[in-house]
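Think of it as A, B, C, D and E in the order they're written, each chain with its own count starting at 1.
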Amino acid sequence: MSENVIEVRGLTVDFPLRAGNIRAVNHVNFDIPKGKITALVGESGSGKSTMASAILRSVSSPGLISSGEIFYQGEDVLKYNKEKMQRFKWSKVSMVFQAAQNALNPVMTIREQVIETVRAHDAKITEKKILDKAKELLEYVRLEPGRVLAAHPHELSGGMKQRVMIAFSLLLNPELVILDEPTTALDVITQAYIFDILAQIHEDMGTTMLLMTHDIGVVARFAERVGVMYAGRLVEVGDVYSIFDNADHPYTSNLMKSVPSLLSNDDLQPIVGSTPNLLNLPSGCPFHPRCKQAKPVCKRVDPVMVETGVDHLVNCHIHSNEEYAREQHLDLEEVRV
Amino acid sequence: MSTMMTTPTGEPTVRYTFDRKLKPNAVKAFFTTIYRNKKAFIGMIILLFFLCMAVFGPMVIHLNMTVQYNERYQGPSLHHLLGTDYAGRDTFGQVVYGSRDVLLIGFFASLFTIIIGVIVGTVSGLIGGKFDTILMFITNLFLTIPSFPAMMIIAALFSITDPILFAVILSAWQWAGLARAVRSQIFSLKQREFIKVCRVMGLGTGYIISREIMPNIASYISISFIQTIQGSIVASVGLMLLGLAPFSITNWGTMLNLAIQNTGGIFNPRGYYYLLAPIVCLSLFQMGSIFFSNGIDDAMNPRLRTNS
Amino acid sequence: MSARGLAKRIGVLLLTVIATMIITFLLLRMMPGNIVGNLARTYASTYAVPIDQAYQIIAGMIHYNPKQPIDQQFYTYIKGILHGNLGQSIINTNVSVDQVIGRALPWTVFTLSISLVVSFLIGINLGSIMAWKRKSILDPIISTYAILSTAVPSFIIAILLLVFFAFQLAWFPVQGAYGAQETPGFNIPFMLSALYHAVLPIITYIIASLGGWALSMKGNAVNILGEDYITAAYIRGVPDSNIMKNYVKKNALLPLVTSLALQFGMMIGGSTIIESYFSYPGMGYYIGQATSNRDYPEMQGLFLVTAVAVMIANLIADLLYTKLDPRVKLED
Amino acid sequence: QNVDLTKISSSSPPAQPKYDTTDSFTFDGSWPMPPQFQGNPFAAGGEGTGTQYEFEQLFEYIRSTQQFTPRLAASYKNTATETIVHLRKNARWSDGAPITSKDIWAYYMLQHTEVTNYLTNIETPDAHTVVFVWAKQTNPFNQMRMALISQDNQGEIPYHIYGKYADKEYQLLQEAKKQSPTWTANTWMGVKIPTAIQTQMTKNYANFTSDTPPDPICSGPYMVYSTNNTDQILVKNPYYWDRKDVKFKELWIKQIQQVPAQWAELKSGQLDYYDGTPPQDVLNAGLASNPDLVHYQMEDVASIGMYFNLREPIFQNEKFRQALAYVFDRSKIRDVGNYFGVTSPYNMTGLVPSTLSSVLSKQTLSKMTKYTYNPAKATQMLEQLGWKKENGKWHEPNGKVPHFIIGANTTWMPGVLSGQVAAQQLTDFGIPTSLIAADASIEPTNADNGKYDMSIDWVDVTFGYSSPWNSLDYMFWSTPEQEIGFPTYKSGPNNGHPKTNLIGLNGQKVDPNTYINEFPVTHNAAKRQEMTDNMAYAINQAVYGINFFQNVTGAWANVKMLGGNWPMENEWSKYDRNMPLPKTGTETALKIAEMNTGFGSDWWVFNYWPN
Amino acid sequence: MAVQDMRKVKPLLELEDVSVIFERRQGLFSEPTKIGAVVDVNFGIYPGEVVALVGESGCGKTTLGNVVTGLQKPTHGKLSYNGVDLAKMNKQQLQEFRRGVQMVQQDSYAALNPMRTIYQSLSAPILQKKIVKKKDVFQRVCELLSTVELNPPEQFLYKYPHQLSGGQRQRVLMARAISLNPKIIVADEPVSMIDVSLRISILNLMASLNKKMDIAFIYITHDLSTAKYIAQNGRIAVMYLGKLAEIGNVRQVLANPKHPYLQALLSAVPVPDPKVAKGNRSIPLKNFDMPSPANPPKGCRLHPRCPYAEARCETVEPQLTRVDASEVACHRASEIPAWNLVPAQ
């Protein structure tokens, strides 16, 4: 097994709202292996962005990390003090945001924001050095550095802003770049282009990347490892090929089957039912009301992660055998049907 | 085109029956939301209090305005809850009697302001073009021309005898700001997708205004309504002091003025009750309005109202 | 804004000014109250002269002929304006309206700018602190204060200040702009005296507007705090102080700067009530005086200045907004 | 004894007086705000309160004592047709120029005051003699002559500055005389001015009033040192003829617009002197918080009351007006309007109530109707008129319920408060009445134009010198006439003047116009007495309005800052420094009256001596 | 219906030389800039067919959709419905057009009045247009909801838009669109804001409405996969910078895309199959930024980005011409190398 940049253990994030508690991330264990591109897929609201922000300890209020650990180099990031955290952010793990359009301060030029960011981590570095680095990176993402640096965010197109954000994320040579749906608001061609650049970066610098998306096509094209999230749970993790070809979780396999493709002409079957309401989750496995293979146990008991293949984990009762049932103190009857 | 026996897609019909219980009660929901919003609830209580005072107060309380000079500036007692004024008359009774005029004028002034402002703003915003330019030009004039001499003229031309006329005069210079605000709201609403759909469906302008646009600016209008009441009350005090309306000794503004100007209310600690009674009432009413209008938006917006 | 747009705006502005001028002119002439009559009454009782004689004397004294046709009066008025003078005061022989405005405007601008700047600066700082430290006790205190200060009409604030600090405690002068023993000009005693006299009016304005600034600033800042770029900056490791300064304050301030300009324009006319309470010789005070004397040219002049100030303020507010906010490009 | 003009004008005036805060006398007053303030007292706005200290008269007249003290005049003599006045020879303007008869002449050329209606000419035989030449048709009796002359402030127009306007006016007068040589009553110098000349005169006058030095050229004890909108400082006029008697180095006048602010300043010792009587509570608070204050009450020569609008048919019925007079509980109105005021058993007589007993004969007084509060009587009278009271409201004979409007001037609080109580009393009696308290810029005009049913104003008042004639002249030929709205003569000698149905003591018709015209020129005192008796009786009977109460005003002194020799000084503690109203005509009353600057008194300036 | 058949039927709605030009003032004393959002488009919609309109963002799809629904008046050209020019319609014909052409928008939340319940939103047009009698409105609304598979309908009637999920709201939009028994529905990116797992069901619903009610659909999207899915038997029209670049039967066009732009577009679409997707495939364009529609390139609008451009492309504007089964606006349509969905390994 290769080394992991980040190891998430038992991470739980809650949003206590007036209407009830939303558990956006529910006891997730997850590794981000070094040098690989890992993708997290899942429908909207499944907790992808929350997980990303939890890694950077910046869950938006009123959210709070209720339990779990996030290990970086064997140390729990959640236990870092303020200074240490300040240093960790961006220089170790950086992020390209879901709404990159709005991720830049509209009243400051790109140049000012670049300088500010670097200075926040190293007050002594000269302005020239910062700008040289920024120019290099901007060129790398195929932008004209001079013009872009002098611009205010609104003077750039969406694709350009996204590329600026990518350049930004590389400013401090982080070990991990989290890409939270970097192309949702963009066009197909621009999207392809951005992923082209990202692939290039990955190839040239070997940067570890964590990609959050719900575009299955993008995952197929870009990722090496895939995690699937559903209602705050990580339901399946595995190598990209095994996830696409023999997904072990009914949700994953249904999802794969419901994506129209240029290559096939079949009529597709949607996943029945509607997306879960996090305020009012079904008992047991949250997917069971939509699952065709649901067993009685699914209604009652939350499944646990089991390994079904090499580096392939799944969180589903289908794979529960007698041994598992015994371990979990489950009724054999329920498990079998 | 379609008969009742098949659905639009030609499948056999199921009969659906109307179930009253399923239909949510918007009025109840409105008050539930207000109740849940602490500030708005307090505001509503305050406003209700003043409303009751204005409506029932004069029926319950008898106010004797005969001068009792030796009983002037008394402190609060069971007999005189807020003490007496400079001529020995009950302050509380005056406040109660005064509330009727004050609220009536405020209410009607606000009503007229809203009516004119909303009509002008809506028409201007919906029709647009040259018409809008002209209407807005006029509106701007109303915003720049000093209201003070204008009000004096109006008041002189129509001698003010009842609160309604008084209200008309007050609203004559208040609608312009509202019209502009409504217009810009209409402008942005006009661009909204659901209005576009109505146009595609060929639904009439009347329908679009009354059913699609109005519900969306209703909360804005209600808030403005309450705020205009506030403004009108303060303005009415000013107008009365200018002598543009019959001098009512129980009007809160008049009480305030009398306490300060020539009756020694501010020089006699016992007179402070008389001075403070209208100030507290005015401020309390204003505060109630502000609080309540804070809650209106919540209560009128289904999104905030039904938080599920 | 493009030069073309600017030109168009100024055109509309001029048109509005002209229309305002005409309407104000007519309105004032229609105002009830007979200038000659009022003066004659006073004259008759002061000098014990029969009333018709007093009428004649007054008619000779003032520069106003009520019998002159209104179109001629208007013509004279417009001619004067085109020559840059706003006419002669009716009541006050040999005093031009320009002189009156020249006297009044500095005082209003003086109190106004101090009170606006002070209340604005305090207000926005309080507001951003309120937004930043949502849980602190500052928020409920300032919110309550702000609501109270909007609920209490500003003239009541003036009265209360006057009653307590001038009448009862006598800490501040009850009225006026400077002590009579000072010679107006650039000398320290005069300036100190002017400052001392301005304290209560300024405090009145500040009390009345401070809460409003704080609340709007808080509202804006809370919205800004929810913006993605704040989270982004936080994640980038930008220190809190920088976020506060460069992100929250800077962005939340933009709309307020325009309202500051608007406020300034609107208040150039001065507050008649407050300036009268303090007998502070600013624009509002003279508007009150001129109105009660029905000094038409003076009223016209004062109202014109006020209207023009409002309109220019509007324009400046727009320009300022485009200047300050790189995102906004004004059209038309 | 010609004054050597050259000698005086060549002597250089002393250096500008230095400003000194010691011995300054502070009080409140008003003047036009800068930049309106200017140096010509006849430009609109005048000089304000300072006028009486800046300008000197030929004679000073004290209203309540009816005495004339020579000021610029050294002596005078009345002949059959002339009054000859000799001027002081040492009097000078504040710029050093001597005050001569030419200055007095210039004053009368440019000021067409009341006295000029009785003159045909003013002559200046030498630099220090002025001769008033009375018209033989209207030749007043001596006391009247002096009263007419002494109400003018003759030392206001320096000939060496404004001479050209006076000369021009004179020249125009001569031309007018040529064009209409016959004598005309009630005109300036008896000359009917043709319209063309009148136009020129108006223009000349306008030029004169536009000729304004920055500060006035003064003839009185003080001159202006500085003026801003709240404070005016007057300093001693170095050329004043009687400067050694001027007690204060400077007068500091404060313009305090808000009435409560005036009281606050008084209370806190910021004012040395204040005239006016505030409500009882303010007064007590003031006296209590400042032990140095003493308040002297004195009778005002005016009453607060209201006029009925005779344009309204309902008020044309005299019986109805009389009935209304019984409805008002005037002592309650007084309590609120001015607690210290004095009510009179009679109603409106046209004369100052406190003077009635001295001006009218005992017999007349006893015959006059007393209108004390008597609602029963009012009810009875109304029922006789065919009115009916139903559900607590009175119905006119035609069944209508009248609703009355009383107009009052907002800026005049005692009037508003009185009016409010009066309206309340009428309403309580069963005639719904509301008060409209309108701005000072509207209310008088509205009242004059008959916009209200009743209007609150000063009634039974004398402005200027105290004389029954003066009061009645004011009532019938000035603003009250318009407020009451008498029908007027459309032609004849009384054109434009009121047409009344006044009935005298013996049932004979009396005409106010005749009274006004003839009283001053009636040299027989008994005849004058009879005329006045008839008028007062008739007016009281006619009930043109209601006299609520005679005003009592006050003079406040800060006895710590100022010192010594006060009236009733030994009784201060007895009355807690709020001194009671002295008996009319007593020594004390005179002394107190002299203290009141509101009556044009210079007492402080000359008679006060510092601690 | 195959494309060939349609030639015989008269189009239900026809666009002839339609252009929409927006004017925007900017800059110092400059002339207003003109944005040709739609330029000289000729296009017919036949009864019951499905047309997918695809193209990059900003190419004018929505504007064209608005022209079809009558929301946007063409600057030039004419739109006819049932053979009648829209500009010359009488009141009744206009009514018919209004009822005949409906739309479904992208943002289902914005498309519903947030202050009104579903019942209010759905019943209003039925009542206003007197589709059924007043007493039957309730029944009708329930039927509509059931048709769009919102069952049981009673549960949805009194909900406000925010109380429904995106998919449910999109169904409500469908229900509203069919409530007036239209002939054509313009669906502007109806699924782009819906979760992946639910997209297919909406597309299936559209397909079933198309089949059962014979409503023609114009499906506007930039997602070629869904375009292909829904327009299986229909046509596809590809737009570039306001102009139609290629149009034809979906199967044929996608099997053999002729226009270089379409080829580029197809190459950019990520295929949900790692084996195919990972085949490193570059996009056959020289430049990735779309030129501003305010000053489009002369000649062929694609030429600055087109790898096959030659001299005439810079000057002569290509017209739509038939090449094999489709119509293509490219000078070199027949010379451009064939393009395959699955790249040769």
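Assume a contact is a pair of C-beta atoms (placed from the backbone, for glycine too) under 8 Å apart; a residue touches a chain by one contact, two chains touch by 3 or more.
These numbers were taken from a predicted model, which means no experiment stands behind them.
Taking the definition of touch as given, a chain qualifies here only if it contacts chain B and chain D alike; those chains are C. When chain pairs are compared by their number of contacting C-beta pairs, C-D comes first. The centroid of the Cα atoms in chain A and the matching centroid in chain C are 56 Å apart. Centre to centre, using the average C-alpha position, chain A and chain D are separated by 93 Å.
Between the Cα centres of chain A and chain B there is a gap of 51 Å. With touch defined as above, residues shared between interfaces to two or more other chains in chain B number as follows: 152, 156, 260, 266, 308.
In chain D, the residues that reach two or more other chains under the touch definition are 260, 267, 439, 442. Looking at the complex, you find that chain A touches chain C at residues 53, 56, 58, 60, 86-87, 89-91, 94-95, 97, 99, 102-108, 116-117, 120-121, 152, 154-155, 168.
Remark: chain D residues 19, 21, 32-36, 38, 40, 42-45, 112-114, 151, 201-202, 205-206, 209-210, 212, 226-233, 252, 255-258, 260-261, 264-265, 267-268, 270, 439-442, 444-446, 448, 463-464, 470, 473-474, 477-479, 481-482, 496 touch chain C in the complex. Of all the residues in chain C, the ones that touch chain A in their complex are 227-229, 231-239, 242, 246-247, 250-251, 254, 324-327.
Those residues of chain D that touch chain B in the shared complex are 259-260, 263, 267, 278-282, 284-286, 332-333, 335-336, 339, 405, 408, 410, 413-414, 416-417, 420-421, 424, 428, 434-439, 442-443, 451.
The touching residues of chain B, when paired with chain C in their complex, are 137, 140-141, 143-146, 148-150, 152-153, 156, 234, 238, 256, 260, 266, 279, 282-284, 286-287, 290-291.
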